[in-house]
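Please go over the structures that come below.
Next, two complexes with chain A in common: one pairs it with chain B, the other with chain C.
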Partner chain A sequence: MADIERYKTPTSLAEATEILRAGNVTVLAGGTDLLPQTQAGRVHFQPTLMNVRRVPELQGIAEEGAVVRIGALVTITELLESALVRGRLGILWQACDHFASDQIRNAATVGGNLCNASPAGDTLVPLLALDARVVLAAKPDGAVQTRRVPLAEFLLGPGRTCRAPTELLAAVEVPLPPAGFAGEFYKHGTRPGLDIAAISIAAGARRDGAVLRDVRIAFGAVAPTVIRAPRTEAVLEGRAPDAATLAAAVHAALGEIQPISDVRASDWYRRELIGNILKRVLTHACQM
Partner chain B sequence: MSETLIGKRIPKMDAPDKASGKTRYIQDLEVPGALHAKILRSTQVHARIVSIDTRAAKALPGVHAVITAADVPWQRPIGVGKDHLPLKTDRVRSLRDEVAAVAADSEAIAQAALKLIRVEYAPLPVIATTQQALAPDAPLIHPEPHGADSSAHLKVAGSPVAFTGKPDNVAMTFDYAQGDIAQGEAEADVVIEDVFRLHYVTHCCMGVSGVIAEFDPNGNLLLYSNTQVPFLHKREFAELLGIDPARIRIIQPPIGGGFGSKLDIYPFEPIAIFLAKITRRPVKLVFTREEEFLASPTRQPVLLKLRSGCRKDGTLTFRAVETVHDNGAYTSWGATTPFVMMQTISSLYRVPHCKYHTMAVYTNNPYAGSFRGYGNLQATFAVEAHMDKLAEAVGMDGLAFRLKNAQDPGEITPQGMHFKSCGFKQCLTTAAGRSDFLRKQAENRARWSDPAPVKRGIGVASMLHVGGGAKIYPSDGCGTILKLDDFAHVTLMTGASEIGQGSETVLAQLVCEELGLPLSAVTVVNNDTDITPWDVGVHASRTTFIAGNSAIGAARKAKKKILDAAAAKSGKRAEELGLSGGFVTSASGERLFELGKFLRSLHFSDKADLVMTTFYYEPPSRHQDKQFKGDVSAAYAWATQVCEIEVDTQTGIVRLLKVTGAHDVGRVLNRLGIEGQIEGGIVMGQGYAITEELRVENGVVRNPNFRDYKLVTAPEIPEMDVSFIETMDGEGPQGAKGVGEAPAICIAAAVANAIHNATGVRITALPFTPENVYRALHGASEPPVWNAA
Partner chain C sequence: MPAKCDIAFSLNGVKRELTVPAGMSALEMLRDRLGLTGTKYGCGEGECGACTILVDGSTVNSCLMFAADCDGRELVTIEGVAVSAAGERLRDAFVANGAVQCGFCTPGLMVQASHLIERHPGADEATIRRGIEGNLCRCTGYRKIIDAVAAAAKEKSHE
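Coming up: the complex of A and B.
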């Protein structure tokens, strides 16, 4: 087991990306994934441990034009306390309200949640439904450069992303959903708090008379990554959510998920839940 | 008169230190010069050990010893079944098995050394279920003798040095019968039969297991240990080492929870002792949380077939039970839980004809220990499901049916239990009345066909448990030494261990009651076998009852001594005198002597005398005979619990909303303490019923962590309405009976009945986790079948 040889606490994005460029770095944000994982021996520390919590460019929630920029270091607690998130990104706020416990929420960052790329990651599901993109920063040749990647492309598999080892996740950008857009996040675990999702659903839409528009649906814990459900969205788009449409939506959803059996739930049960809960969430959405 | 402390709300004496983090648990103890030990456990569920190479580990700087079975040829089998060697010789039988151990300068070095030990295994077929274990051609778990080798020089006469092996995989059997089952069947108008399946859980004590072992230069052994049975363990360790028990001293630091888990001797304790002996240094061994999940005892899975019958008028006529217990690879107390189960089967309700056959079967799974309730949760789960089913079959409501068959005070059951005090019927009517049980039950039932996905249910269950000790050892007694110093401060030295249950406080209270002193005048010493008198240990809900009576006995003797002396001095008769508010008082309440001053005068007089008394209380219970008949406890506790739940039929989530309990506790001594005990027990029962399960697949624990092993969390804790039925037991200390285990026992049974009331579906397998419930509600699970080979 390699030991940590250096501990770095950069105070600017330039400094942080410079350290990353030198290679063999483990990034530490809230540490709520990193520490359990290293202690269990599933992840090994690189010789350099870089605590990014003092990098100002990674902080803060801001509305810039029609986009909300959420810094990588924003904690779950900060998201919950943000009027902007609560008012305009309701399904993200709800996901945070289902996230772990107060102690973990104070430490856990949205950047850590994204980079950890768990198929059950709670903020990932609403962020995917909200068409978020991540901002990756690196300093390949003397200057900090950034690139933007849609979240759906960022996530490659359980614990895997397209982030290069020399890149830092700087922020996640969320285009503001259209006015009137509302939705619900549902997380199924065996208890009300402190649980990993057995399945989760973020669903939202805009009511246009009797029909739904801008339907967005994402699922957690039913595929190697959190996933969008484009075919399910298509079934619902422009339709009134009556019993037949809901049944068709469930049918489509079951075709889009590939759940597995693990210690939390069987694949069969996950399918049943997706069907039952999708109907429930859409019914709620229609009553709003 | 000083005011009585009995029945008051008295904070536990150890609460401020625990709440403020000042308590020093075994983890916090630093013994100068101590080494840190770690155990290498098997990576195979069932295998032959081909070779163990410890050379690299021994060479690691900072390592003081690396031991395997070869280094301790004199070790001998330990535990209830004496079928378990601390360090495994040629075979591992479960994933927790101890193969080697390291003592090093630090935990980190010990851990690193473990990684350097090379073990070669030759895998053997894994026996993952009792059914596999009982198959005719099943491989044997203990095929050959194992234990001390023939050259062992340390032989203690009469104690086995080796386990002789077992020709089959049956670790232990019990048979019990009363009446004539055929007659009971013939007399029944309704007969039902079901198979129930109970699951694995483990204690999850906040304080993990640990021990510090230290030899002095003369070879005397000092153990800092979390054990619940210090005096019996002295004997076990003495046998193990071949030394005189008098040379062993056990000190118990504050224990972070027991619940039965620390009732047996486990390999880690001898291993720490071996290492201390070999290195001649103190050795500290403390589990990690993961180890605690993997290598501490469990409440074992039980497959239970229950057949019962009653007449049309609701009178029970018979009950026949068969069980198969998954014993795991070694025999600890879990194998003997049928002893308690049969009491519930034969005597919770009046049943003239009973039959019970049970066996504990070896598998390659984690092995079963004792756990609060001791088999009673499993037995009650089945019996109370049938009480509902039979009631329904004869068209009676569940309450009337239970009242018809419930025990009354004075009853001596066919098994021989004598219910001198018995508030069972009051428990039933109180809990049912306060929860509005019958009305709610009818209402919920009427809503079965409602389209709403979330249903409500209410269910009732009751329990019987020993409440006055349990005579399972040659003695069930407890000793007390009581000393009054020259300032009238009392030191109460009791054999009873404190494991968080609040015994110090209640014992101090009982002494104060006798001596008319405030609680602040008492110090309790209860954790050092060199000082405290003998006791069989903290188990069987016995401490308040047994140690309480013992403390009262010692206090009364002291009181008599003081009053006799005061009589001589004052010229009054001793019978006219009393102790109150720190004074010797006259019949009229006049303060004659300040107690401290009076005691000093005794010390300094020409007939100098100290006030120091001893008392040994042995309850008037008896050993059962070979047919398991007899009155094992001096008193019995009763309880009824009504559970109200909500079940989401689209997810299977069951929420426990409210528990209305009525407990026959004899008498409330410390109201705050007993409320805490009952509330904690309810939550433990809730975990057993709804959230907890040690997931063991092919001998592998899949969830050895609190992320996946779900304890109940704060928002899930139900509303509780607990009533105390005070039957004032004649033998109990101030009328009290034991209550430690009672509150955890019938929650699962009541929740099962509530799920049926909510949905019309009866689930006979635990736990009621969302997926299990969802499957049962949607016909997607196989109900348990009787498949004992």
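Coming up: the complex of A and C.
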């Protein structure tokens, strides 16, 4: 393990981004991924370890106009306890309810889950379905600047994002879904607690008479990143969710995923799961 | 030269000051530096819950927490829980229900159960099962543990 030469505890976003500008920084938030990854040698420390816990700009959940801003340091437990998240971002709330264990939910942060960029990341699937974007902060020339990146562009591959080494993920912004939007998050694993998803699905829509509108579908653990399923959404958009439409949606979905075989499931099993579970969550969503 | 961090925190109600390597886990600090060996090292990956402690009133896996991150915070370990009223209630319930076999998971389970009962006095079985899902026991099959936690929760709700 490489030695940590400096340990920094900034108390403002300006200070944190200044430390990042100097380069060679590992960012520490909840630590629930970083500590085991570094101890196992899968991730190596940079010479500077920066603990961002005391940066106030990274805290809090707030409704700002048509957007819910979730600070990067917000823990999974805080998301679960938020009436705003439960009431308006139901599929994100459900994913938090399926996240690891109480001990990990109390420590793990949404910013860490995003930056870890696991193809199976629990919060990533609903956030992608909800058209979330991340706010990246940097201080290139004396002033803090931010840029907003859609989550779909932020995630590049397993463990890889477009965050530059000098940038800090400050928050994730989630546009409020239209009134009447309801959905379901489903995660399949071998046991309910502390499991990494073999596959996960976040699906939501709005009922407009007999037909579905604003259909949003995202999948986890069936591609190098969590993915949206635009062709599946198009099949369902403006249609009544009858058996023929559901079958067409499953057909489209199987064309959009590229699952691999690993310790959690074979590619064949992941395809079976996506087909069957998608049908199930769409049926549930249509009954809401 | 590896970075060292000067930290100050509250441990079971007592102020402590310590210098720790930046890469050290809170679990290593508790066991190897402070001699509090009630908190167990099980998996080192947050899967088993044997290292559960309370930090600022919430439970965390101390194997997943940096010792340096304890600075300014309030830690309570099994040694602190054991001498509280909630701890005594839980210990009596664990003994009465035969919820201890090899005992390795017991400290973590008692810390987690104390947090669970604090949050949900009178917790029902489903809440207890959810609450201890991050704690593995390889002996009891959980039945007796769930009964013990339910008994302690019931006693607490009658207070």
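Things worth noting here:
Here is the rule we use: the second predicted complex is superposed on the first by the 287 of 288 C-alpha atoms of A that agree within 3 Å, B and C clash if a C-alpha of one lies under 4 Å from a C-alpha of the other, contacts with A are read in each partner's own complex, and residues count from 1 in each chain.
Just so we're on the same page, contacts are C-beta pairs under 8 Å (C-beta built on N, C-alpha and C of every residue); 3 or more make two chains touch, one makes a residue touch a chain.
Here the structure is a predicted model, which means the values were calculated and not measured.
After overlaying the two complexes on the shared chain, residue contacts for A:106 are found with chain C alone; chain B is out of touch.
Counting the residues of chain A touched by each of chain B and chain C gives the higher count for C. Applying the stated contact rule after C-alpha superposition, one finds that A:51 touches chain C and leaves chain B untouched.
When both complexes are overlaid on chain A, the residue A:38 reaches chain C alone and has no touch with chain B.
Of the two partner chains, chain B is the only one touched by A:277; chain C is not.
Within chain A, the residues touched by chain B in the first complex and by chain C in the second are 192-194. Partner chain C is touched in their complex by these residues of chain A: 1, 3-7, 9, 28, 30-32, 35-36, 38-39, 45, 49, 51, 53, 77, 100-104, 106-107, 192-194.
Those residues of chain C whose C-beta lies close enough to touch chain A in the complex are 1-3, 5, 21-23, 25, 44-47, 49, 52, 58-61, 63-66, 68-69, 71, 112, 115-116, 130-131, 133-135. Chain contact summary for the complex, chain B toward chain A: residues 453, 650-651, 653, 691, 695, 702-703, 707-708, 710, 712-713, 715-716, 769-771, 774-775, 778, 780. Chain A meets chain B in the complex at residues 188, 190-196, 198, 263-266, 268-269, 272-273, 276-277, 280.
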